[in-house]
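One structure coming up, written as structure tokens, with questions to follow.
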Amino acid sequence: MTHHMTAVSFQKVSRHFGAVRAVDEVDLEIRPGEFFAMLGPSGSGKTTCLRLIAGFDQPTAGHIEIFGETAEGVPPYRRNVNTVFQDYALFPHLNVADNVAYGLMVRGVPRAERMREAASALELVKLPGYGARKPSQLSGGQRQRVALARALVNRPKVLLLDEPLGALDLKLREQMQEELKSLQKALGVTFVFVTHDQGEALSMADRIAVFSEGRVMQVGTPEEIYKRPRSRFVADFVGSSNVLPPDFVARHGGAVGWASLRPEAVRLSEHEGIGATIVSRSFLGASTRLSLMVGGQRLHATVPAGTSLPDDGSPVRLAFDRADLHLLDDQP
Amino acid sequence: MTMAATTVTMRPSRGGVFGHLSDVLWRNPRLTLFLMLTPPLLWLGIIYLGSLFALLLQSFFSIDEYSGLINREFTLKTYAELLHPSNLDIILRTLVMSATVTVGAAVVAFPIAYYAARYARGKWKALFYLGIMLPLWSSYLVKVYAWKLILAREGILNWLFAKAHLTWLLDAWLALPIVGGNSLSVSHTGTFLVFLYVWLPYMILPIQAALERVPANLVEASADLGASPRQTFTKVLLPLALPGVIAGSIFTFSLTMGDYIIPQIVGTSRRFIGQAVYAHQGTAGNIPLAAAFTVVPIVVMGFYLWFAKRRGAFDAV
Amino acid sequence: MRSDRNQSAPVGLKIAAAAGLLFLHLPILLIFVYAFTTEERTYQWPPPGFTLKWFAVTWNRPDVWEALILSVKVASISTVIALVLGTLCAAAVSGSRFFGREAISLLVILPIALPGIITGIALRSAFSLAEIPFSFWTIILGHATFCVVIVYNNAIARFRRTSGSLMEASMDLGADGFQTFRYVILPNIGTALLAGGMLAFALSFDEVIVTTFTAGQQQTLPIWMLEELVRPRQRPVTNVVAMVVVIVTFLPILVAYYLTRDGDQVAGGGK
């Protein structure tokens, strides 16, 4: 193996708050220059991990390295790591330019130089000429861009983003997703992105770590995570797979054990296949999601919009490839 | 902007005394907290709590009736003295006055608070707020003095009664036992009016705060469910304003109970607790009895606060 | 409560509210009228005539000046002490959770929650036990103690409104504790501190109950007034002083209101 330095490495890192194990023996390797997402429901420990990297919090046990240097005991103001906060945390008493130049100012960069840097950072986030405004005069999306510029102007080795798109409306969020992604590619900076939105993680990240109850359940590329969830939790949380019990799997697939099946892997057919009944349906635009009963087992299927479907309560037949049935690592 | 990565991930301390001190404080949050809390806690702990404790201690001393010197031995004798009829009389008078002032303040304050919270908007809201804050913060003595002017025999109130040909009504009121007296400025009615005036803002603000916190949809929901405005008021707003009233009453009750200046300037020669404390520690030099007297408001307020906390009044303060 | 925006108040309520506000303000206005009366010996209403001469008389009274200067000195020093102690306390209480946090808030509020006479006599008996003679500084000890809470209330309200992530953002961007205090915390709580300081000054300038117990022979302006109230000797001069006191205390309150009007209320609930 070549000597490959990691950007952020967690070695058996725990953070306990009293009896609560917010982060529980987490091992992670984040590679330089990658867009890494930490995905999980609230309280799963993903934000605490972010705070451990930023230095706002210290691990109870374990070891953290950032580009090979020990992080424990180093205050946040001495780490070359910057954060885009969930509420943006723009300084309300400073204008946009002074907000962006803040990091340079406290490090003693002369005013003229830091104003120049701030202006070019604002250009980078497509807000040229906004320097004189106060944060209160900006829209949510603009504030977010300022927060991004304020972090990037310091040329961090790792940029941390704490649910940065959570407060934006859908359209703006989709636009920002694309921009963030291309910005990251252009700058080559390691991005660590915390989110509870699986769609966001899947569409933006190079790799994803799925968190649950302070532990990392699975790390992998979006495709791996989506197609081959290794545990029931990941199957459920990422794209709501069908989780099927061993007897069902044995009857229709061959193997023995709990398995996951993506709803879009299920096909309806008129004559051959497994007998089922349509219980209900919901129209999703490009597709329709069906709730079916197969024997005593509930199953979801997603079919393209426009598929002609019988009424609720009607019998149908369904089929899927055996290869789409993935055995889970944890057998509940 | 180029993103040439800097070579170091962890920067050194910025150096200097502040840089190093900052690192030390960051590594020891407990030390930081300790350093921040020490000055205020030393001040309040030693000067204030120490004094309160000294006062409490003195209430267990007694005064030698012949020499007038303080006998520093533990005794409950001084507390027994509190039960002397003339002292009980003082305590009872003070408590009744405090209760009356509290009820009066609640009655007068409610419409103001209600209007300010529910109807005043924009400029009017600010005006109402200042209209309550300015009297609250203006000089206590000036306010008392103003009432000395108002209640004086040759003052504006008597003049108004005379102009309205209602002097007979005032005289009839002053002829009543307990509330009456030679003139308004030497009657319990006068004392009551001044207390009411001086402490009124303390009642308005918490009631207003409590009413402001009633969500609009609650009022709408009540109306939607078929309640008349009167029913909405008595069944929804009044119960929700109650914590505010209780919070306000903490102030009016406590402040009335501890005051010694108002009854000294406007009122009868009958004493209130504050005056008794002042007189005993002053000319009489009987600090133990004065201390024992102060324990009465402390105990009463202790119970009162306990009751108020149970009714959730602290959120409205 | 926004439901009544388009609804006007019942007439009875309007009258009661207006009457209540008049009740609060007329007595203070009355003071202004009396400052100009020609009547010297009684509180006669209506005033038989108006004159400005009492302003000149008051201006030339050394005892009034002495009392005024003492009051200003006491209020200034007490305010400075209260600013330091109150801010430290508010920062500690709002910045972290620790055992005894509630007890500290209670301790800070106690000097104004208990009647002033208790604070007064407690300090007096402590001074006599410790054999500390009355002086300028014994007055300060008392005043600073109850002024702390005013600053504390104002500061803590602002600290609560100032999101904790601002401080984290500052540290994240490379500012250490002292830089964060200077560049982020102070600018954000500055107006609240100024407001708290103004109110503390007004409170100290006006205080009489505790002061009677801690002042010995010295006269602050309120003590001077109290003497005049109990044993009136110079009614017209007292009228003028009362009016000046009203004006002097209104200014800091208006400034404090202006400084804190968007957001936290002026913490007057705990005067």
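By written order: A, B and C. Residues from 1 in each chain.
Just so it is clear, a contact is a pair of C-beta atoms (placed from the backbone, for glycine too) under 8 Å apart; a residue touches a chain by one contact, two chains touch by 3 or more.
It should be emphasised that the depicted structure is a prediction, and the values quoted were computed from it without experimental measurement.
Touching subunit A and subunit C together: B.
In this assembly, A is the chain whose CA centroid lies farthest from the centroid of subunit B. Pairwise, the chains sharing the most contacting C-beta pairs are B-C. For the pair subunit A and subunit C, the distance between mean C-alpha positions equals 53 Å. Per-chain CA centroids place subunit B at a distance of 14 Å from subunit C. Put simply, the C-alpha centre of subunit A and that of subunit B have 54 angstrom between them. For subunit C, residues that reach two or more other chains under the stated contact definition are 174, 176, 179. Looking at subunit A, residues 75, 77-78, 81, 107 sit in touch with two or more other chains. Residue positions 11, 13-14, 22-23, 26 of subunit B are each in touch with at least two other chains.
Against subunit B, in their complex, subunit C makes its touches with residues 1-5, 7-9, 13-14, 16-17, 20-21, 23-25, 27-28, 30-31, 34, 42-46, 81, 84-86, 88-89, 91-92, 95-96, 98, 104, 107-108, 110-111, 113-119, 121-126, 128-129, 141, 144-145, 148, 174, 176-179, 199, 202-203, 206, 208-209, 212-213, 222, 225-226, 229-230, 238, 242, 245-246, 249-250, 253-254, 257, 261, 265-266, 268-271. Taken together, the subunit A residues at the contact with subunit B in this complex read 66-69, 71, 73-75, 77-81, 107, 117, 120-121, 123-124, 152-153, 155, 157, 187-189. The touching residues of subunit A, when paired with subunit C in their complex, are 54-56, 75-78, 81-83, 85-87, 89-93, 102-103, 105-107, 150-151, 154. Residue ranges on subunit B touching subunit A, taken from their complex, read 1, 3-6, 8-14, 22-23, 26-27. For subunit C in complex with subunit A, the residues that touch the partner chain are 163, 165-166, 168-176, 179, 183-184, 187-188.
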